[in-house]
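Chain lettering (A, B, C and D) follows the sequence in which the chains are written, and residue indices restart at 1 in each chain.
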(Lines give C-alpha, C1' and ligand atoms only; values in the text may rest on other atoms or scores of the structure.)
Protein backbone atom coordinates (compact mmCIF):
# COMPACT_ATOMS: atom_id res chain seq x y z
CA UNK A 1 0.00 0.00 0.00
CA UNK A 2 1.27 3.47 -0.87
CA UNK A 3 -0.37 6.83 -0.21
CA UNK A 4 1.13 10.06 -1.53
CA UNK A 5 -0.02 13.66 -1.01
CA UNK A 6 2.01 16.12 -3.04
CA UNK A 7 1.93 19.50 -4.73
CA UNK A 8 4.11 18.46 -7.68
CA UNK A 9 2.68 16.76 -10.77
CA UNK A 10 3.01 12.97 -10.95
CA UNK A 11 3.96 10.98 -14.03
CA UNK A 12 0.88 8.83 -14.69
CA UNK A 13 2.62 6.53 -17.19
CA UNK A 14 5.57 5.87 -14.89
CA UNK A 15 3.35 5.36 -11.84
CA UNK A 16 1.11 2.87 -13.67
CA UNK A 17 4.10 1.04 -15.14
CA UNK A 18 5.76 0.86 -11.71
CA UNK A 19 2.56 -0.29 -10.01
CA UNK A 20 1.63 -2.95 -12.59
CA UNK A 21 5.11 -4.16 -13.54
CA UNK A 22 6.52 -7.42 -12.26
CA UNK A 23 3.32 -8.73 -10.71
CA UNK A 24 2.90 -12.49 -10.97
CA UNK A 25 0.04 -13.00 -8.49
CA UNK A 26 -2.37 -10.33 -9.66
CA UNK A 27 -4.15 -10.89 -12.95
CA UNK A 28 -6.06 -7.62 -12.75
CA UNK A 29 -4.86 -4.03 -12.42
CA UNK A 30 -7.37 -1.16 -12.36
CA UNK A 31 -6.46 2.51 -12.35
CA UNK A 32 -8.52 5.67 -12.05
CA UNK A 33 -7.16 9.09 -12.93
CA UNK A 34 -8.91 12.37 -12.18
CA UNK A 35 -8.26 15.24 -14.58
CA UNK A 36 -9.07 18.97 -14.31
CA UNK A 37 -11.89 19.33 -16.81
CA UNK A 38 -13.91 22.28 -18.01
CA UNK A 39 -17.36 21.59 -16.61
CA UNK A 40 -19.24 24.73 -17.59
CA UNK A 41 -16.83 26.38 -20.00
CA UNK A 42 -14.32 29.11 -19.20
CA UNK A 43 -12.31 27.22 -16.59
CA UNK A 44 -8.78 28.58 -16.29
CA UNK A 45 -7.37 26.92 -13.21
CA UNK A 46 -8.17 24.86 -10.16
CA UNK A 47 -6.83 25.40 -6.66
CA UNK A 48 -6.90 22.50 -4.25
CA UNK A 49 -6.68 23.18 -0.54
CA UNK A 50 -6.07 20.34 1.90
CA UNK A 51 -5.73 19.69 5.61
CA UNK A 52 -2.10 18.69 5.91
CA UNK A 53 -1.69 15.88 8.41
CA UNK A 54 -5.30 14.77 8.40
CA UNK A 55 -5.15 14.14 4.63
CA UNK A 56 -2.45 11.49 4.89
CA UNK A 57 -4.21 9.81 7.82
CA UNK A 58 -7.56 9.81 6.01
CA UNK A 59 -6.09 8.37 2.80
CA UNK A 60 -4.27 5.63 4.70
CA UNK A 61 -7.47 4.77 6.55
CA UNK A 62 -9.45 4.57 3.29
CA UNK A 63 -6.77 2.43 1.61
CA UNK A 64 -6.54 0.14 4.64
CA UNK A 65 -10.31 -0.38 4.59
CA UNK A 66 -10.19 -1.23 0.89
CA UNK A 67 -7.45 -3.80 1.47
CA UNK A 68 -9.36 -5.42 4.33
CA UNK A 69 -12.58 -5.58 2.37
CA UNK A 70 -11.36 -6.91 -0.98
CA UNK A 71 -8.73 -9.46 -1.81
CA UNK A 72 -6.05 -7.03 -3.03
CA UNK A 73 -2.38 -7.60 -3.56
CA UNK A 74 -1.68 -3.87 -3.47
CA UNK A 75 -3.19 -0.42 -3.80
CA UNK A 76 -1.92 3.08 -4.51
CA UNK A 77 -3.35 6.57 -3.96
CA UNK A 78 -1.72 9.77 -5.20
CA UNK A 79 -3.47 13.11 -4.65
CA UNK A 80 -2.21 16.58 -5.48
CA UNK A 81 -2.94 19.94 -3.91
CA UNK A 82 -2.11 23.51 -4.93
CA UNK A 83 -2.56 25.20 -8.29
CA UNK A 84 -3.55 23.13 -11.30
CA UNK A 85 -4.59 24.06 -14.82
CA UNK A 86 -7.03 22.56 -17.31
CA UNK A 87 -6.00 19.04 -18.31
CA UNK A 88 -3.72 18.54 -15.29
CA UNK A 89 -4.00 15.25 -13.47
CA UNK A 90 -5.39 15.77 -9.97
CA UNK A 91 -5.09 12.30 -8.53
CA UNK A 92 -4.94 8.61 -9.27
CA UNK A 93 -5.72 5.33 -7.57
CA UNK A 94 -4.55 1.87 -8.61
CA UNK A 95 -5.54 -1.58 -7.37
CA UNK A 96 -4.01 -5.01 -8.05
CA UNK A 97 -5.98 -8.21 -7.43
CA UNK A 98 -6.24 -11.80 -8.61
CA UNK A 99 -9.74 -11.18 -9.94
CA UNK A 100 -11.03 -8.22 -11.92
CA UNK A 101 -14.16 -7.86 -9.78
CA UNK A 102 -12.06 -7.14 -6.68
CA UNK A 103 -9.80 -4.72 -8.53
CA UNK A 104 -12.75 -2.77 -10.01
CA UNK A 105 -14.82 -2.65 -6.83
CA UNK A 106 -11.90 -1.62 -4.64
CA UNK A 107 -10.97 1.18 -7.07
CA UNK A 108 -14.56 2.46 -7.06
CA UNK A 109 -14.65 2.27 -3.26
CA UNK A 110 -11.40 4.25 -3.00
CA UNK A 111 -12.82 6.90 -5.34
CA UNK A 112 -16.16 7.16 -3.53
CA UNK A 113 -14.42 7.68 -0.20
CA UNK A 114 -11.78 10.04 -1.59
CA UNK A 115 -14.56 12.22 -3.01
CA UNK A 116 -16.23 12.93 0.30
CA UNK A 117 -14.06 11.68 3.16
CA UNK A 118 -10.59 12.99 2.34
CA UNK A 119 -10.03 16.64 3.40
CA UNK A 120 -9.54 18.31 0.03
CA UNK A 121 -11.45 21.33 -1.25
CA UNK A 122 -11.46 22.45 -4.86
CA UNK A 123 -11.80 26.02 -6.05
CA UNK A 124 -12.41 26.77 -9.70
CA UNK A 125 -11.02 29.89 -11.32
CA UNK A 126 -12.92 31.00 -14.44
CA UNK A 127 -12.98 34.13 -16.61
CA UNK A 128 -15.78 35.44 -14.42
CA UNK A 129 -14.18 34.89 -11.03
CA UNK A 130 -13.70 31.94 -8.77
CA UNK A 131 -15.73 29.75 -6.48
CA UNK A 132 -15.56 26.67 -4.32
CA UNK A 133 -16.78 23.46 -5.94
CA UNK A 134 -19.96 22.35 -4.19
CA UNK A 135 -20.09 18.81 -2.88
CA UNK A 136 -22.56 16.60 -4.71
CA UNK A 137 -25.49 14.82 -3.13
CA UNK A 138 -24.55 11.95 -5.47
CA UNK A 139 -21.11 11.66 -3.90
CA UNK A 140 -22.60 11.32 -0.45
CA UNK A 141 -25.18 8.73 -1.53
CA UNK A 142 -22.46 6.81 -3.42
CA UNK A 143 -21.03 5.86 -0.02
CA UNK A 144 -24.23 4.11 1.01
CA UNK A 145 -23.66 1.25 -1.42
CA UNK A 146 -20.59 0.01 0.47
CA UNK B 1 -11.96 4.79 -30.35
CA UNK B 2 -8.92 2.61 -30.94
CA UNK B 3 -8.71 -1.18 -31.11
CA UNK B 4 -5.39 -2.98 -31.47
CA UNK B 5 -4.66 -6.70 -31.84
CA UNK B 6 -0.96 -7.46 -31.80
CA UNK B 7 1.62 -10.09 -30.96
CA UNK B 8 4.22 -7.63 -29.68
CA UNK B 9 4.23 -6.34 -26.09
CA UNK B 10 2.69 -2.93 -25.50
CA UNK B 11 4.09 -0.21 -23.26
CA UNK B 12 1.40 0.22 -20.58
CA UNK B 13 2.84 3.45 -19.19
CA UNK B 14 3.13 5.09 -22.60
CA UNK B 15 -0.33 3.90 -23.68
CA UNK B 16 -1.97 5.23 -20.51
CA UNK B 17 -0.07 8.52 -20.75
CA UNK B 18 -1.04 8.91 -24.41
CA UNK B 19 -4.67 8.03 -23.73
CA UNK B 20 -5.11 10.28 -20.70
CA UNK B 21 -2.89 13.19 -21.71
CA UNK B 22 -4.31 16.45 -23.00
CA UNK B 23 -7.94 15.73 -22.16
CA UNK B 24 -9.92 18.78 -21.07
CA UNK B 25 -13.46 17.39 -21.32
CA UNK B 26 -13.04 14.10 -19.46
CA UNK B 27 -12.59 14.28 -15.73
CA UNK B 28 -12.36 10.50 -15.35
CA UNK B 29 -9.98 7.99 -16.91
CA UNK B 30 -10.26 4.29 -16.01
CA UNK B 31 -7.87 1.59 -17.17
CA UNK B 32 -7.83 -2.17 -16.75
CA UNK B 33 -4.74 -4.26 -17.41
CA UNK B 34 -4.70 -8.06 -17.57
CA UNK B 35 -1.49 -9.76 -16.50
CA UNK B 36 -0.34 -13.40 -16.89
CA UNK B 37 -0.55 -14.66 -13.32
CA UNK B 38 0.26 -17.95 -11.70
CA UNK B 39 -3.15 -19.30 -10.73
CA UNK B 40 -2.27 -22.74 -9.39
CA UNK B 41 1.50 -22.53 -9.12
CA UNK B 42 4.02 -23.79 -11.67
CA UNK B 43 2.92 -21.62 -14.59
CA UNK B 44 5.72 -21.10 -17.09
CA UNK B 45 4.05 -19.53 -20.09
CA UNK B 46 0.77 -18.68 -21.72
CA UNK B 47 -0.10 -19.09 -25.38
CA UNK B 48 -2.95 -17.06 -26.78
CA UNK B 49 -4.62 -18.19 -29.99
CA UNK B 50 -7.02 -15.89 -31.82
CA UNK B 51 -9.25 -15.80 -34.88
CA UNK B 52 -7.54 -13.23 -37.03
CA UNK B 53 -10.10 -11.05 -38.79
CA UNK B 54 -12.97 -11.89 -36.51
CA UNK B 55 -11.02 -10.62 -33.50
CA UNK B 56 -10.70 -7.07 -34.81
CA UNK B 57 -14.38 -7.00 -35.84
CA UNK B 58 -15.53 -8.34 -32.47
CA UNK B 59 -13.43 -5.83 -30.51
CA UNK B 60 -14.68 -2.92 -32.62
CA UNK B 61 -18.26 -4.07 -32.10
CA UNK B 62 -17.78 -4.32 -28.32
CA UNK B 63 -16.12 -0.88 -28.16
CA UNK B 64 -18.84 0.67 -30.33
CA UNK B 65 -21.52 -0.74 -28.05
CA UNK B 66 -19.73 0.68 -25.00
CA UNK B 67 -19.54 4.13 -26.61
CA UNK B 68 -23.23 4.07 -27.52
CA UNK B 69 -24.30 2.96 -24.08
CA UNK B 70 -22.24 5.28 -21.88
CA UNK B 71 -21.29 8.89 -22.28
CA UNK B 72 -17.64 8.35 -23.24
CA UNK B 73 -15.20 10.74 -24.83
CA UNK B 74 -12.96 7.88 -25.94
CA UNK B 75 -12.06 4.24 -25.41
CA UNK B 76 -9.09 2.01 -26.16
CA UNK B 77 -8.64 -1.78 -26.36
CA UNK B 78 -5.28 -3.50 -26.85
CA UNK B 79 -5.12 -7.31 -26.84
CA UNK B 80 -2.09 -9.49 -27.49
CA UNK B 81 -1.82 -13.01 -28.91
CA UNK B 82 1.07 -15.47 -29.17
CA UNK B 83 3.53 -16.54 -26.49
CA UNK B 84 3.59 -14.75 -23.16
CA UNK B 85 5.39 -15.44 -19.91
CA UNK B 86 4.49 -14.94 -16.26
CA UNK B 87 4.01 -11.25 -15.46
CA UNK B 88 3.52 -10.23 -19.10
CA UNK B 89 0.67 -7.89 -19.85
CA UNK B 90 -2.00 -9.61 -21.93
CA UNK B 91 -4.32 -6.75 -22.67
CA UNK B 92 -5.63 -3.39 -21.54
CA UNK B 93 -8.73 -1.26 -21.90
CA UNK B 94 -9.08 2.44 -21.15
CA UNK B 95 -12.12 4.70 -20.99
CA UNK B 96 -12.43 8.48 -20.74
CA UNK B 97 -15.64 10.15 -19.56
CA UNK B 98 -16.89 13.28 -17.85
CA UNK B 99 -18.12 11.27 -14.88
CA UNK B 100 -16.38 8.43 -13.07
CA UNK B 101 -19.48 6.22 -13.05
CA UNK B 102 -19.54 6.10 -16.87
CA UNK B 103 -15.80 5.47 -17.09
CA UNK B 104 -15.92 2.62 -14.55
CA UNK B 105 -19.04 0.94 -15.92
CA UNK B 106 -17.88 1.12 -19.54
CA UNK B 107 -14.50 -0.39 -18.59
CA UNK B 108 -16.22 -3.25 -16.75
CA UNK B 109 -18.56 -3.78 -19.71
CA UNK B 110 -15.61 -3.93 -22.12
CA UNK B 111 -13.89 -6.48 -19.88
CA UNK B 112 -16.98 -8.65 -19.45
CA UNK B 113 -17.50 -8.82 -23.22
CA UNK B 114 -13.82 -9.30 -24.01
CA UNK B 115 -13.75 -12.27 -21.65
CA UNK B 116 -16.39 -14.27 -23.46
CA UNK B 117 -17.23 -12.63 -26.78
CA UNK B 118 -13.84 -11.91 -28.33
CA UNK B 119 -12.29 -14.93 -30.12
CA UNK B 120 -9.21 -15.53 -27.98
CA UNK B 121 -8.25 -18.84 -26.37
CA UNK B 122 -5.63 -19.15 -23.65
CA UNK B 123 -3.41 -22.16 -23.12
CA UNK B 124 -1.33 -22.48 -19.97
CA UNK B 125 2.05 -24.17 -19.99
CA UNK B 126 3.14 -25.52 -16.59
CA UNK B 127 5.89 -27.83 -15.35
CA UNK B 128 3.45 -30.71 -15.72
CA UNK B 129 2.29 -30.04 -19.24
CA UNK B 130 -0.16 -27.69 -20.84
CA UNK B 131 -3.88 -27.19 -21.13
CA UNK B 132 -6.55 -24.85 -22.45
CA UNK B 133 -7.97 -22.44 -19.91
CA UNK B 134 -11.61 -23.34 -19.28
CA UNK B 135 -14.20 -20.63 -19.65
CA UNK B 136 -15.83 -19.63 -16.41
CA UNK B 137 -19.53 -19.84 -15.67
CA UNK B 138 -18.98 -16.51 -13.87
CA UNK B 139 -17.78 -14.84 -17.05
CA UNK B 140 -20.91 -15.89 -18.90
CA UNK B 141 -23.24 -14.76 -16.12
CA UNK B 142 -21.33 -11.45 -15.86
CA UNK B 143 -22.83 -10.53 -19.24
CA UNK B 144 -26.37 -10.78 -17.93
CA UNK B 145 -26.00 -7.64 -15.82
CA UNK B 146 -25.68 -5.41 -18.89
CA UNK C 1 -16.81 -23.17 -48.00
CA UNK C 2 -13.86 -22.67 -45.62
CA UNK C 3 -14.17 -24.47 -42.29
CA UNK C 4 -11.91 -23.26 -39.48
CA UNK C 5 -11.09 -24.85 -36.13
CA UNK C 6 -9.56 -23.17 -33.08
CA UNK C 7 -8.03 -24.19 -29.74
CA UNK C 8 -8.80 -27.79 -28.69
CA UNK C 9 -11.26 -28.23 -31.57
CA UNK C 10 -8.33 -27.59 -33.91
CA UNK C 11 -6.21 -30.07 -31.98
CA UNK C 12 -8.85 -32.81 -32.05
CA UNK C 13 -9.63 -32.32 -35.74
CA UNK C 14 -5.90 -32.17 -36.43
CA UNK C 15 -5.91 -29.18 -38.75
CA UNK C 16 -6.69 -25.46 -38.53
CA UNK C 17 -8.67 -25.10 -41.75
CA UNK C 18 -10.10 -27.09 -44.65
CA UNK C 19 -12.42 -26.60 -47.61
CA UNK C 20 -15.73 -28.47 -47.61
CA UNK C 21 -17.89 -28.44 -50.72
CA UNK C 22 -21.32 -29.88 -50.19
CA UNK C 23 -24.93 -28.88 -50.42
CA UNK C 24 -25.91 -28.20 -46.82
CA UNK C 25 -28.82 -26.41 -45.23
CA UNK C 26 -27.68 -25.67 -41.68
CA UNK C 27 -24.59 -25.73 -39.49
CA UNK C 28 -25.95 -28.92 -37.93
CA UNK C 29 -25.90 -30.58 -41.37
CA UNK C 30 -22.21 -29.68 -41.66
CA UNK C 31 -21.53 -31.15 -38.23
CA UNK C 32 -23.29 -34.40 -39.23
CA UNK C 33 -21.33 -34.58 -42.47
CA UNK C 34 -18.03 -34.18 -40.60
CA UNK C 35 -18.98 -36.69 -37.89
CA UNK C 36 -19.68 -39.30 -40.58
CA UNK C 37 -16.29 -38.78 -42.17
CA UNK C 38 -13.86 -39.73 -39.41
CA UNK C 39 -13.51 -40.55 -35.73
CA UNK C 40 -11.53 -37.37 -34.97
CA UNK C 41 -14.58 -35.27 -35.94
CA UNK C 42 -16.78 -37.40 -33.70
CA UNK C 43 -14.40 -36.56 -30.84
CA UNK C 44 -14.24 -32.86 -31.71
CA UNK C 45 -18.03 -32.55 -31.99
CA UNK C 46 -18.91 -34.93 -29.13
CA UNK C 47 -20.56 -32.24 -26.98
CA UNK C 48 -22.01 -29.30 -28.89
CA UNK C 49 -22.88 -27.49 -25.66
CA UNK C 50 -19.17 -26.69 -25.18
CA UNK C 51 -18.76 -25.51 -28.76
CA UNK C 52 -19.38 -22.17 -30.41
CA UNK C 53 -19.83 -21.46 -34.11
CA UNK C 54 -19.20 -18.32 -36.14
CA UNK C 55 -20.53 -17.77 -39.67
CA UNK C 56 -18.49 -15.34 -41.75
CA UNK C 57 -16.82 -14.20 -38.52
CA UNK C 58 -20.02 -13.49 -36.60
CA UNK C 59 -21.17 -15.61 -33.66
CA UNK C 60 -24.12 -17.77 -34.65
CA UNK C 61 -25.72 -21.08 -33.65
CA UNK C 62 -25.99 -24.66 -34.85
CA UNK C 63 -29.46 -24.21 -36.33
CA UNK C 64 -28.45 -21.27 -38.51
CA UNK C 65 -28.71 -21.69 -42.30
CA UNK C 66 -25.52 -21.84 -44.38
CA UNK C 67 -26.97 -19.92 -47.32
CA UNK C 68 -24.25 -17.71 -48.86
CA UNK C 69 -21.90 -18.46 -45.97
CA UNK C 70 -18.25 -18.60 -47.06
CA UNK C 71 -16.51 -19.21 -43.75
CA UNK C 72 -17.61 -21.40 -40.84
CA UNK C 73 -15.54 -21.55 -37.63
CA UNK C 74 -15.86 -23.95 -34.71
CA UNK C 75 -14.24 -23.28 -31.35
CA UNK C 76 -14.65 -23.65 -27.57
CA UNK C 77 -16.08 -20.82 -25.43
CA UNK C 78 -13.75 -17.86 -25.68
CA UNK C 79 -11.30 -17.00 -22.90
CA UNK C 80 -9.97 -13.55 -23.75
CA UNK C 81 -9.24 -10.65 -21.47
CA UNK D 1 -6.72 24.49 21.73
CA UNK D 2 -5.92 25.12 18.06
CA UNK D 3 -8.91 25.95 15.90
CA UNK D 4 -8.46 25.54 12.12
CA UNK D 5 -10.64 26.74 9.24
CA UNK D 6 -10.59 25.54 5.64
CA UNK D 7 -12.00 26.61 2.27
CA UNK D 8 -14.87 29.11 2.48
CA UNK D 9 -15.04 28.76 6.28
CA UNK D 10 -11.46 30.05 6.37
CA UNK D 11 -12.41 32.89 4.03
CA UNK D 12 -15.44 33.93 6.09
CA UNK D 13 -13.59 33.75 9.40
CA UNK D 14 -10.67 35.58 7.77
CA UNK D 15 -7.86 33.42 9.11
CA UNK D 16 -6.67 29.83 8.74
CA UNK D 17 -5.95 29.09 12.38
CA UNK D 18 -6.17 30.57 15.88
CA UNK D 19 -5.74 29.53 19.50
CA UNK D 20 -8.83 29.48 21.74
CA UNK D 21 -8.44 28.94 25.46
CA UNK D 22 -11.72 28.38 27.24
CA UNK D 23 -13.45 25.79 29.33
CA UNK D 24 -15.82 24.12 26.90
CA UNK D 25 -17.77 20.89 26.99
CA UNK D 26 -18.69 20.23 23.37
CA UNK D 27 -17.95 21.42 19.83
CA UNK D 28 -21.31 23.21 19.93
CA UNK D 29 -20.10 25.24 22.94
CA UNK D 30 -17.08 26.33 20.90
CA UNK D 31 -19.34 27.36 18.01
CA UNK D 32 -21.50 29.43 20.39
CA UNK D 33 -18.44 31.09 21.89
CA UNK D 34 -17.18 32.06 18.43
CA UNK D 35 -20.59 33.27 17.25
CA UNK D 36 -20.77 35.61 20.25
CA UNK D 37 -17.38 37.08 19.49
CA UNK D 38 -17.85 38.63 16.06
CA UNK D 39 -20.15 38.91 13.05
CA UNK D 40 -17.72 37.01 10.75
CA UNK D 41 -18.14 33.90 12.92
CA UNK D 42 -21.91 34.26 12.76
CA UNK D 43 -21.59 34.22 8.96
CA UNK D 44 -19.18 31.27 8.91
CA UNK D 45 -21.33 29.21 11.26
CA UNK D 46 -24.74 30.30 9.90
CA UNK D 47 -25.73 26.84 8.66
CA UNK D 48 -24.13 23.94 10.50
CA UNK D 49 -25.68 21.41 8.10
CA UNK D 50 -23.15 22.48 5.46
CA UNK D 51 -20.23 22.29 7.88
CA UNK D 52 -18.04 19.41 8.97
CA UNK D 53 -15.85 19.21 12.06
CA UNK D 54 -12.73 17.19 12.78
CA UNK D 55 -11.29 16.65 16.28
CA UNK D 56 -7.58 15.93 16.35
CA UNK D 57 -7.78 15.22 12.60
CA UNK D 58 -10.64 12.73 12.81
CA UNK D 59 -14.13 13.48 11.47
CA UNK D 60 -16.55 14.04 14.34
CA UNK D 61 -19.79 15.91 15.02
CA UNK D 62 -21.01 19.05 16.76
CA UNK D 63 -22.23 17.19 19.85
CA UNK D 64 -18.86 15.56 20.50
CA UNK D 65 -17.05 16.42 23.78
CA UNK D 66 -13.86 18.47 23.61
CA UNK D 67 -12.17 16.61 26.46
CA UNK D 68 -8.40 16.32 25.77
CA UNK D 69 -8.90 17.64 22.22
CA UNK D 70 -5.95 19.71 21.03
CA UNK D 71 -7.03 20.54 17.47
CA UNK D 72 -10.50 21.39 16.15
CA UNK D 73 -11.06 21.98 12.43
CA UNK D 74 -14.14 23.38 10.69
CA UNK D 75 -14.69 23.02 6.94
CA UNK D 76 -17.32 22.52 4.23
CA UNK D 77 -18.10 19.03 2.86
CA UNK D 78 -14.96 17.68 1.20
CA UNK D 79 -14.55 17.68 -2.57
CA UNK D 80 -11.51 15.53 -3.26
CA UNK D 81 -10.90 13.03 -6.01
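One rule holds in what follows: contacts are C-beta pairs under 8 Å (C-beta built on N, C-alpha and C of every residue); 3 or more make two chains touch, one makes a residue touch a chain.
Every value quoted in this text rests on a predicted model; they were computed, and no experiment measured them.
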Target chain C, source chain A, minimum contact steps: 2
Whole-Å separation of chain centres (CA-atom averages), chain A against chain B: 23
Chain B and chain D: spacing of chain centres that average the CA atoms, whole Å: 48
Length of the line joining the C-alpha centres of chain B and chain C, rounded to whole Å: 26
Where chain C and chain D are represented by their mean Cα positions, the distance between them in whole Å: 72
Contacts with 2+ other chains: residues of chain A: 34, 100, 111
Contacts with 2+ other chains: residues of chain C: 81
Contacting chain pairs - touch in the sense defined above: A-B, A-D, B-C
Partner chain A, residues of chain B touching it in the complex: 11-14, 16-17, 20-39, 86-87, 89, 98, 100, 103-104, 107-108, 111
Contact footprint of chain C on chain B as seen in their complex: 34, 49-51, 53-54, 57, 79, 90-91, 111, 114-123, 132-135, 140
For the chain D and chain A complex, residues of the former touching the latter: 4, 6-8, 10, 54, 57-59, 73, 75-81
